[in-house]
Structure formats: C-alpha cells, structure tokens
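Two complexes follow with chain A in common, the first pairing it with chain B and the second with chain C.
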Partner chain A sequence: MSNVFIAFQRNEETRCIIDAILQDNPNAIVNEQPAMVKIDVPGSMTIKRATIEEKMGRSFDLQEMQIHLITLSGYIDETDEEFNLSWKH
Partner chain B sequence: MQIDLRTVSIKPLRQTFDHIAARIGGDKPASRYQEGTLCLQAESNFHYRPLWDPAHQIFDRTRTQVKMKDWYAFKDPRQFYYGTYTIARARMQETTEADFDFVGQRGLAAAYPDAARTLALEVLLPLRHVAWGANMNNSSICAYGYGTAITQPALYQAMDQLGIAQYLTRVGLLFADPAALDAAKAAWMSDPMWQELRRYVEDTFVLTDWFEQFVAQNLALDGLLYPLVYSYFDDALTAAAGPTISILLRFQAEWFAESSRWVDATIKTAASEGDDNRALLSDWTSRWRDRAAAALAPLARHALGDKAASVMEEIAEQFNSRAAKSALSL
Partner chain C sequence: MDAKVAKKLGLKERYALMTRGLGWDTSYQPMDKVFPYDRFEGIKIHDWDKWEDPFRMTMDAYWKYQAEKDRKLYAIIDAFTQNNGHLGVTDARYINTLKLFLTGISPLEYMAHRGFAHVGRQMRGVGPRVACLMQSIDEIRHAQTQIHSMSNYNRHYNGFHDPMHMIERIWYLSVPRSFFDDAYTSGPFEFMIAIGFAFEYVLTNLLFVPFISGAAYNGDMGAMAFGFSAQSDEARHMTLGLECVKFMLEQDPDNVPIVQRWIDKWTWRGTRVLTLVGMMMDYMLPKRVMSWREAWDIYFEQNGGALFNDLARYGIKVPACAAQAAIDKEHVSHQAWAVFYQYCGVSNFHAWTPSPSEMDWLSNKYPNTFDKYYRPRFEHWAEEARQGRRFNNATLPQICQVCQIPMFFTEPNDPTKICYRESVYKSEKYHFCSDHCKAIFDHEPEKYVQAWLPPHQIYMGNCFPEGVDPTMPGFNALDEVLKYYHINKGRDNGEFVGSEDEKNFSAWRELAGKN
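And now, the complex of A and B:
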C-alpha cells in the first residue's frame, strides 16, 4: 500500500497538529527535519479537528492548517470535522 | 571550484528543561503552556513564617481543606500562559471596541426605547460591583492558592472580571450619563433588591479557604448569574427593544462560555482526586448554590417579571447537570 504524507513547518501550532495526527493515526511515521516535520502513513491519514482542538485548548478551523502546510501527497477529502488523505477515488 | 549545498541537521542537546521533562515523561518538546506553568510555584528557602499568619508557610498547601497529591494536576484546558492569554483577550477586546464604536456611531443608544433602557441600566450597572468583587476574590485565590497551575488562571480570571466591570461601566456611560453610575452605586448599597447579593459578595471576601472562595465565586455565583443576566435577561431585552444591548454584552457571554471550561476542569480534577475532596466540594457547591440562587431571586424578579421563577428553575437545573459532569454529587 502506498503512503500518503503531509509536511508542516515546525512551530508551536504545528506541534499540536502533529500530536493530534500521531494520536489518530497509530501507524504514522514521523520524520523530523530541520524546520520541517513530515508524517507518512501507509494507506490513509485522518486529521481530526476535535483532537487538534483538545491539544491546542482553543477552537480550530482545519483550514488554518494551510498556513503551516509545506506539501502533501494523496487525494484530499475535507469536511469541517476531518481532513482525510488517501489514494481512494 | 565546486560548491556542494547540503542540509546539516543539528540535533538540540535537549528539548526542554529538566524539571519539565521529569513531569511530562522524558525529554520531548514541551508546549509553552507547560514551560510557563509547571514547577513555577516557589517552594523552598523561606526561612521565616509570615508574621501575619504564623500557622502557615508563605506558600502553603494547607490553606485549603482540599487535598491534592500533586497541585500541578490542574490543567487549564485553554492552555493560557501570559502570551496566549493576552492574545486571546486582545482579540476579544478588539471586537468589543468595534461593537461599542458601532453602537455609538449609528446612534443606537440614543434610539433605544426608554422603558428598556431604564430596566437594562437598573439591572446591569450595579453588576459592576459584583464583577469587582469577583476580581477581589480571584486575586485572593491567586495570592493564597498553591501551585501555578491554579494561581495563574485565577489571576487571569481576576483581570477578566475587572474588564467586565469596565465594560458594564461603558454601557452606563453610553446609555446614560455618569450620574447613572452613582445611582447604581446607591442602589447597590441600599436598594433591598441588591442587599442579599451584596451580602453574598462581601461574605465571600472573608472566606479563609481559598478553594471555597473558588467554588463560591467562580462556580456558584458566576454559574447562576451569567446565564441569568447574559443569556435570559439579554434575550428578554432583545425581544423587547432589539439587540443593541446584546451587542455590548457579547464579551461577557463569550467569556463565560470560555472560562467555564477552566472552572469545570479545575473542579473535576479536584473532585476526582478522592472521596474527601468530592464530599467537601459537593457540600460547598450545594450550600453556595442555594445562597446564590436566593441572592439572585429578587434581581431575576425585577429583570424578568413573571417568568423569573421558571427561569431560575431552568438555570438551577443546568447548573446541577454541569456540576454532575464535573464529578460532584449534589
């Protein structure tokens, strides 16, 4: 199964996002690079708004993620609650 | 000459401070909130007990009957430290200032119906003294409390209440003249409608157990007062005279929803620590809830007329289910 991945700049905000992704995707592989964190997950990845909000302690709009986003791969399926990456059509 | 560009990854020798690492389970990146909260309470090298209270250390765990194995078990779900707190409040304040400007520029205050204006000012303006009392109480919690995890948000709560007192004053100045503030003070000092509430506020000033003060102020009084005034009374005013005042009370409504999360989390953490704590907190909560409900009843009657009794019942029900969620048994 191919990986999907997403990469963020490293900062205060993305640490919460990354913690949330790791919690919701137990198979995630973290690759910490200078100023960037890349997360690979086999098959598909789910990013949940509720988990990020719990980590950050404030309300969060999934589109705020775009500010910190460097790159990603996979087909995107996005709702207000979840941001999904996968290779499914 | 050939130049090779390559990335050099420099691994930091440590991710965070040792005392933080010891608490969060190993050397991993800590949030600013954790670094600005954990282990900051001064604990040692106090040679003398304070002259004003020789029974206790300057910072003493036993100033409250609530027992905690670890006073850093408390966690502010908003994760406020100085930076995030001021940013969050600056945002809210910007909105509120814009709201006041809007109402001022459009002349909405002048166009507000007189009967509703009189009622709104009679109910809202004396509440600035209640908010000031809440400021005093939370300052006191911060002063006598133990552990930065709880004293830090208590001070933020105190400052928020001061801001609320100021916004209520601004409403008075926008809808009337400074004499309205004097009239509100006179009502607060002598009008029978306010005396039970004033007694409540003044009695909480002299509580010696700071955690009881927390329950009496932040859970019981605010837990009943804010829904009554900033939800039910606000709705009644909007129905009678349009949403002008409601716009100006937005800060309080939003603030209450936000700060309740901290109050609930704090109570839940303390109550979940053990049955002694739970019994103690439940006892305090039911006693102060009953007193607060009695103190607010005349205000509710004045503000809502016939509907007051049923509204107070609804608020009490909401309060009880909120307390039950925080692991209290009322």
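And now, the complex of A and C:
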C-alpha cells in the first residue's frame, strides 16, 4: 500500500494539527526537517476538526490548514468535519 | 426558548452554489465560438460537471486565507530586513542560490500567472475555471513576493539587478524559459498536464521542499518566508493538476494515449529543468538538507510511484524516461556544477570548487559515482586555481534543441561518454542530449526548429548591444555579450573566491560585532 503524506511549516498552530493527526492515525510516521514536518501514513490519512479543536482549545476551520500547508500526496476528500487523503478510489 | 436558526450550509453545498451555481452557457454566441481552444487537441469532454475540485475553496475563503498569508509574509520580511538578516546566512556562497532562483524561477511564476489566466479563460467547465483563476492569482503573487523579498539582497549583493531582462537572454536561463514557452504555447489541456500535473504534482516537491527547507537551514528567513508562502498554495495547485489528469482519463478512453504522450513529454522536460535544482542542493547550499539523489528517491520514485500505481487503472504507464532518470540521479548534479564552474564567467552568479569536507559529503551521498567520475575533476580544478590557473571555458557549448541544456549529460550505460542524438528535418540536422528529447522533437519538429538557442544566437551575432560592430578593431565578443546580458563583468560573475560579494559579506559580518 502506497503512503499518502502531508507536510506543514513548523509553528504553534501546526504543532496542534500534527498532534491531532498522530492521535487519529496510529500508523503515522513523522519526519522532522528544517522548519517543516512531513507525516506519512500507509494508505490513507484522516484529519479531524474536532481533534484539532481539542488540541488548540479554540474553534478551527479545516481550511485554515491552507495557511500552513507545504505539500501533500493522495486524493483529497474534504468536508467541514474531516480532511481525508487516500489512494483509495 | 432558543430561536430556530437555519443550519449553515456545509462545505460541499457552499462550494456548489458559489462556483457551479454561478456558471451559465452562452446564448448570443455558440459555446464553441466562445471557447475555441478546448477541442483542437483531441481531448474529448462529455460532461464538465464531472469535474471535482477537491479543496472546495470558494473565492471569499480564498481572499481571506491569501490575505493572511501575505500579512504573515510581510511581517517576516520586515523583521528580516530591519534586523540585517542577510548577514545571518551560513556564508555568502548561499546567496548565489537566490540569484539562480530570482532569474530562473521567479519569471516563470509570472509566466504561470499568464498561462493559468489563459487556460482559465479557455476551459468551458466552471470547476477548472475557478481553480485556474485562483492559481493564476497565486502565481502573480509568487512572482511579486519573490521579487519583493529578494530586492533586499539586491541592495547588498551583485547579480540581482535585472531578472526580467536576463531570463530572455542569458544562455542557461533559456532552459527554464524554453520549458515555460513550450508549455504556454500548447493547447489548454497540454498546459494543464505540463504545468498542473507534471510540474506541480510530480516535480514541484523537488524544487520547493528542499529549497525552502534549505533556505531555513542556511539561516535565510527572507527566502524561507516567500518560499513557505508560495508553497502553501502549491498543495492546491498539485490537486488541480491531479484532478485534471483524472478528469481527462475518466471522460473518454480516446484521451488516454494523448494524455500518456503528454505525461511522457513533460515528465522528461521537467526532469531536465530540475538538473539546476539538483546542482543547487548538492553544491550551492553550504548546509545541505539532503542530497539530490535522496530527494529524487523520496519525491519522484516513492511519491511518483504511488501516483502512477494509482493511474494504472486508467491504462497510464510510468513514463519511459523514468528508467533513465533513475540512472541520471547519481550524475546530473555533478555534471551541471562542472559546467557552471567552467562558464561562470558568462553567468550572473558565482561558482567555486567544493571544499574537501564537501567533497567527502558528496562521496558519502554518491558512493557509486562521485569518487570515480567527478572528484578527480574538481580536485584538478582546485589545484589549477591554487596555481593561479583558474579554468574558464571560452568555447560556447553545443546545446540540446529541446531542453536547451548544454550537451554534458552522459550515455545511460556509460558515464564516461557524452550522449549525443540527432535528427534530420527538412535537410537540417538537429542535436539532442537524450533519446527522450529527440523523441519530443521528432513528434513536433515544426515547434522545436524555432527554438532560440543562445550559443547559436551569439555565433550569429544576435547577442551584442545595439550598434556594436563585430568587425571593429579591438572587438571583444565576450565583453559585448555580457553587456547585452546586463552582467557587470567581474562583479556579478566569475569565481566566488575573491569576489566582491565574498569580501563584502565577511567585512560586514566582522563589523556586526564591533563599533
């Protein structure tokens, strides 16, 4: 199964986003590079608004991720509640 | 009791209403006359509504997030400039990567802006029109923020002064420029494969991820800021490219061979252009994030592999050039830097031989190739320079008719032999660096015979300032070419050791701790 991945700039907001991803995707592999973090997950990845809000302690719109995104791989399916990346179709 | 409030629309509904819901078919003129360019390439589209924009970004959200990105960017740029941030980079050699970026990449951002504006206008589906519109605005933002950020370096260092003039003239800049000219003069669907898919999806990670991470690693907050700001748009661009390819493949089986040909062509075109990035990563960053080869393994072979595994269900195959690229990944950065070392007298940035510890890093990263094929040459040149005989090549190189890179690539099965290919078209002979560039030419010779090849143009006398007479006594061709390029000889170019940039940087740094 191919990996999907997502990479963020490293900052205070993405620290919470990354913590949320790690909590919701137990197979995630974190790769820290200068000023950025890349997270690979075999097959598919789910990013949940509720988990991020819990980590941040404030309400969060998943489209706010746009500000911190660096790159990603896989097909996207986005709703108000979840942002999914996968190679499934 | 709480008042009943109508439920806020969900993301999918909002997107549908704010994009698809705003489109209409023309009635005063037939749609085919309003959109004359989206059929001639042979791509068959039966239902534009099948297009999905996965990000579901509406224009109001777009403006909101882009404004926030710009505010962040300019806060950092201001802080960087106010704090004399340029003196915090690892060493002055690093600044040459920015010159390469400003002249070789930023003008392409502007061309991408024009390209996506054009394609957005020419596609009759509402989904791609909105996505292309956003990308078009993104791209001009990138050109502007890059030029703005790097203008701070122009106050202190040489070679930054005229990127838009240089992109149209300097020999090596014809490589990225011809890549974009080729894409921009294609039909709208080919443009989407060229830039949206092959460049943005398959290859962009190799440019932006190591570049930005490299800028950060080398202490350049200015470049890191514009790089990150641009990159935050790239995920959307990549998704547009991937959606476009999937859409074409799903609309009609007749599209598959056309799309395959474009994927083959543009993967190779992009791979050749990225040779410049390989060189930057392996030779120009004083602190290296990873080697070109490692980046290629992660972003092309693993990530591209995952993508092509997925596209296999449509009958799309991994481009044939991938096999050669897998061999070339251990060679091209060394070969390219060797050429820039020899020709830095006609470039707008400096070159140097790697230090002994950098050569050890290269041996370690390239155990199969560096010591065997490339170290002896760099050591020889370093020794020559120590003896006062710094090697500069005064003979213009032959270049490939398609990728416009000097013919320095070697045979896939013999790294000691330069690879030459040729085709005859209308009794004229044309030269190529590889089987893949030759195949691109052979399919569309009428397009590529028009290529503006810098060495040829110099020999034809077309690259001197106006009014210069090559038959005058004392005429110096090199000096006149440099004037035509707007390169200040001896300041902007040549060997790094002993350059004004090197001297100024160390003098200013020295002053930073004194009164």
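Just so it is clear, the second predicted complex is superposed on the first by the 89 of 89 C-alpha atoms of A that agree within 3 Å, B and C clash if a C-alpha of one lies under 4 Å from a C-alpha of the other, contacts with A are read in each partner's own complex, and residues count from 1 in each chain.
In this text, a contact is a pair of C-beta atoms (placed from the backbone, for glycine too) under 8 Å apart; a residue touches a chain by one contact, two chains touch by 3 or more.
Because the structure is predicted, anything quoted here is derived from the model rather than measured.
K.L.:
If you count the residues of chain A that each partner touches, which comes out higher, chain B or chain C?
P.N.:
Greater contact footprint in residues on chain A: C.
K.L.:
Quick one: classify A:15 as touching chain B (first), chain C (second), both or neither.
P.N.:
first
K.L.:
Contact-wise, after the overlay, does A:27 reach chain B, chain C, both or neither (first, second, both, neither)?
P.N.:
A:27 sits against neither chain B nor chain C.
K.L.:
Have a look at where A:71 lands relative to chain B and chain C in the superposition and call it first, second, both or neither.
P.N.:
second
K.L.:
Just checking: does A:58 make contact with chain B only, chain C only, both, or neither of them? Give me first, second, both or neither.
P.N.:
Only chain B; A:58 stays clear of chain C.
K.L.:
In the overlaid three-chain picture, which partner chain does A:87 touch, first (chain B) or second (chain C), both, or neither?
P.N.:
second
K.L.:
Of the partners chain B and chain C, which touch A:2 in the superposed model: first, second, both, neither?
P.N.:
second
K.L.:
Of all the chain A residues, which ones make contact with chain B and with chain C?
P.N.:
Correct list for chain A: 33-34.
K.L.:
Enumerate the contact residues on chain A facing chain B in the complex.
P.N.:
Within the complex, chain A touches chain B at residues 12, 15-16, 33-34, 56-58.
K.L.:
Flag every residue of chain B that touches chain A in the complex, lowest number first.
P.N.:
7-10, 29, 31-33, 76-80, 88
K.L.:
Okay, in this complex, where on chain C does chain A touch?
P.N.:
Per the stated touch rule, the residues are 10-12, 54-57, 61, 65, 68-69, 72, 204-205, 208-209, 212-214, 216-217, 224, 228, 231-232, 234-236, 238-239, 242, 289, 302-303, 305-307, 309-310, 313.
K.L.:
Quick check: in the complex, which residue numbers of chain A touch chain C?
P.N.:
2-5, 7, 9, 33-36, 63-64, 66-80, 87, 89
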